[in-house]
Amino acid sequence: MQYLEDGQILANQTVGPDTWRLEIRSPRLAGAAQPGQFVMIAVGEATTDPLLRRPLSIHQAADGVLTLLYRIVGKGTRLMSRLVQGQEVSLLGPLGKGFKIHSSAHHCLVGGGVGVAPLLFLASAIKARLPGEKMSILLGGRNSRELLVMEDLRERAPLLLATDDGSLGLHGLVTDLLALEIKEGPATIYTCGPTPMMQGVARLARDHACSCQVSLEAVMACGMGACLGCTVQRPGFAEDEQKYVHVCKDGPVFAAEEIWL
Amino acid sequence: MQYLEDGQILANQTVGPDTWRLEIRSPRLAGAAQPGQFVMIAVGEATTDPLLRRPLSIHQAADGVLTLLYRIVGKGTRLMSRLVQGQEVSLLGPLGKGFKIHSSAHHCLVGGGVGVAPLLFLASAIKARLPGEKMSILLGGRNSRELLVMEDLRERAPLLLATDDGSLGLHGLVTDLLALEIKEGPATIYTCGPTPMMQGVARLARDHACSCQVSLEAVMACGMGACLGCTVQRPGFAEDEQKYVHVCKDGPVFAAEEIWL
Amino acid sequence: MAVDTSVKIGSWQLANPIMTASGTFGYGEEFTPFVDLSSLGAIVVKGISLRPRPGNPPPRVVETASGMLNAIGLQNVGVERFIAEKMPMIRQLGAHVVVNILGDSLEEYRELAARLADVEGIAALEVNISCPNVKKGGVAFGTDPLMAARVAGVVVKESSRPVIVKLSPNVTDIVLIARAVEEAGATALSLINTLMGMAIDSRTGRPKLANIIGGLSGPAIKPVALRMVYQVASAVKIPVIGMGGITNLEDVIEFMMAGATAVQIGTANFINPAVSGELVKGFRDYLLESGRTSASELIGSVRL
Amino acid sequence: MAVDTSVKIGSWQLANPIMTASGTFGYGEEFTPFVDLSSLGAIVVKGISLRPRPGNPPPRVVETASGMLNAIGLQNVGVERFIAEKMPMIRQLGAHVVVNILGDSLEEYRELAARLADVEGIAALEVNISCPNVKKGGVAFGTDPLMAARVAGVVVKESSRPVIVKLSPNVTDIVLIARAVEEAGATALSLINTLMGMAIDSRTGRPKLANIIGGLSGPAIKPVALRMVYQVASAVKIPVIGMGGITNLEDVIEFMMAGATAVQIGTANFINPAVSGELVKGFRDYLLESGRTSASELIGSVRL
């Protein structure tokens, strides 16, 4: 079930370079949310510019409170950063298909940049639903400042870090970390971040016969399957009927092999 | 000289039904302002809706502080009412031709509704420049709640009030008050308010051979004579060349006889 | 006090003038959590072609000032799957459905009309002769009075139902096209479709749409749409269905005052998926408060 | 590092591609507190006709979503008073001035061009064949390739200066008009003029403009303008001057990438009277930062 809910803002703070965390009391929406799903948030009130809602992953949903983690990249996210406690904001969601959570010898969550957003909610769910199962969270970024919400994540599972400049953790790519992890044995992989990173992760997964779920992005108008705007091309799938998927409805989480052959 | 100045908001409070007073630190603009002039204020930031600046009379200008008195009638003024202390707002002004102030046996300032806005600044100027000269301020409105900023005005000159429902002052029209005043002797009249009221005032002035200045409104795009949008028709002036005046440049203050024959 | 919100499009009586616009409401089902579809005057489904179409490569949509550009490329499941998979669900939801059709030849329009002729539960056809997103088809028909009339003609001939012809705004004289289509026997006209537009990313130097050119919709185009509805409604005798940037009740009233018998809500569904249902209620309340007894009093009531 | 911000329109070299649009910058003087007019590529003055025009009754302007409608009605002082009263001031301010002319007959265009031919200090003429505000004149010329070409022809014949023909966007195929005007000998094309639009006050039931229909400008129309500039620039050999909703540096870059040799700033002057001067500086800085050595590298550089 989806809801159109006016949430009440509890907090809106910066947690990293141009990155903010927004906490919203939104009981119905938070109650229905699953890890990997997203919301469409209305930015700017009483104006038609910006016009469209903005899609944001659900960073955490608990006790009627929805948390979003967003990076300021343009007009809408900049306006969001001006929201203050007590204000109301219209939310549409929860939307899309989230992560599939099954028992596994090792759950590997791989995040890059602000792509960690959905991983906190996912880690919380795995820990709650499959207590005792092995879980690792692998984070990558250009430098240490780009590694976000590490404390929150560490509470759920051990953290493994990699930075391009070596300022924190492994001096290299998060895929290097992953390679080491899955050498030790089979793992179920969940990833969200820049496309090149996710493609690297998917390749590793395929080579080691690990199941891998990826969380995609596309520019969206409606977020609910009505506009057919949020297409992603499936390379290799020549056939017209299968050429495209729609991120908002078929995803945003896909099995890697559905997208990249 | 006109300025484009980012003013700093000192206060923004409601002072009547849907009516607000906005105080802005804007030294250059406040320093140059004359009674009857107006500013174009930018409403809404980082958005193109609303697009245009909004014209507002200068309610008071002193010590580098500009005061505006505005009524919420639509999108832009609603956004203005959300401005808070410390925020910056872009101002363009001072614009237009204000009131001409000459020595007179009796200065009669006649205001209706939010039309009192420019009269406070005018009363202050008359009091300062022509100390000791007789001045009266006549206010009209539908009811007592529509009579605005009376305390501020009373500090400058005696107040005479009229309400349609008799809830305060004379049970009648402000023009009835004016008729009584000018029966006692010649007066210089300055008026701002609803057009029908100003036309009534102008008629009285003409009949008693009193000079009368009126402050007009028109929908404006630029406020500085560039768009030719703010036309007012001069009834009776058939001749093409004289058919229209432009409120932002020729006015907003006009000699009554320039507009209504 | 009783108030009559209904309007008539030919023989077809709508409970109210609020419809949803093609391509902005899917096939209806996505909106069931937010709107009682049966309460709407009608829903217009995404454009249907004879064969399925995959549509354009991404990116397909981009926001602009108070509007959006789309280059979906008329992706749709094709008429057969529409009839088999979508119509049953639509019937079951009790929606009054208008099927929007498009083709790239007179023949395709004829076949579509014929194929849909005896499908149960369709209230009317809307003929898209104006979609600006696909280079062939669409635009060519909608910008030439003769071709527009011929398309209207073949569909009218094959169809037992009201035929609404949807006009393109990307023309010099929309009244010319409207008159030609009226002569050809159309039951009603709907306008406007999107304005052709483009966006470039100044940082990358690339068009923001893979298709380079797309269709502009939303509040930005409302003044153009209202002008065209006014011009066309003043020039033809058949009903006009107005659309283009409608987001609230004031907009609905303005379009009806300009001469629209009904309106379609498009892009606004993306911003507030409940808006169409809210407008049905808001419209009824407005008629009551404004002391009107029927929706028809509003149509073309602009005071010049 | 040296960077060349200049662009050429025929034989005329502009110091930079930033111009102001006709009717949005008065005759320049109003903006002297905010802009050094001589620093601009050029200013285009309010449209001038043979005889003075009073313009339309009020209201003449109304705001719309991210745009505005205007029905000024081409109010202007007439060519004689323009030459006598305005030109001296413009010369004295050192502005590079383009005189925008309009008429309601070929003869009037010819007379205007002839009258202005030997007036000192005019850089170029811009021929408005597209103003949508006045029922006769303007629109008719701009929407018909033959008439457009004839107007261009007579002005080119009478004028020793570069002749810029300003196109109307209210046409089915703007490329057709552009090609016809190019053939007629125009030095350059400028586009777009305003889109015809309308607004109604739902409370009073009256049009918001006394003229009922007006011209839509501002960010709302930018996607349509950019599309037309792209289409025209790809189809003609003469320079194209782009405008329509330009408010910031990104917009300027997008129009030049789409193929514009220069741009005009219109409605944005109302929002920020200093914007044109700011863009001149911003443009130079942008070229430097983006490692370009000349403005010409930007023209038509969109990557498809």
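A, B, C and D are the chain letters, set down in written order, and residue numbers restart from 1 in every chain.
Everything that follows uses one rule, which is that a contact is a pair of C-beta atoms (placed from the backbone, for glycine too) under 8 Å apart; a residue touches a chain by one contact, two chains touch by 3 or more.
Bear in mind that the values here come from a model prediction, so they are computed numbers and not experimental data.
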{"item": "Distance in touch steps, counted as few as possible, from chain B out to chain D", "value": "1"}
{"item": "Farthest chain relative to chain B (centres taken as mean CA coordinates)", "value": "A"}
{"item": "Rounded Å distance between chain A and chain C, as computed from the means of their C-alpha atoms", "value": "36"}
{"item": "Rounded Å distance, chain B centre to chain C centre (Cα mean)", "value": "47"}
{"item": "CA centroid of chain A to CA centroid of chain B, Å", "value": "55"}
{"item": "Contacts with 2+ other chains: residues of chain B", "value": "48-50"}
{"item": "Junction residues of chain C - those touching two or more other chains", "value": "65-67, 218-220"}
{"item": "Category of the chain touch graph - line, ring, star, complete, other", "value": "complete"}
{"item": "Sites on chain B touched by chain C in the complex", "value": "48-49"}
{"item": "Chain D - residues contacting chain C, complex", "value": "64-67, 69, 143, 170-173, 195-200, 202, 204-207, 212-213, 216, 218-224, 226-227, 230, 245, 250-251, 253-254, 257-258, 301-304"}
{"item": "Complex interface listing, chain A residues touching chain C", "value": "1-4, 42, 48-53, 90, 92, 218-233, 240-241, 243-244"}
{"item": "Chain A-facing residues of chain B, complex", "value": "44, 46-50, 75, 78-79"}
{"item": "In the complex, chain D residues that touch chain A", "value": "65-66, 219"}
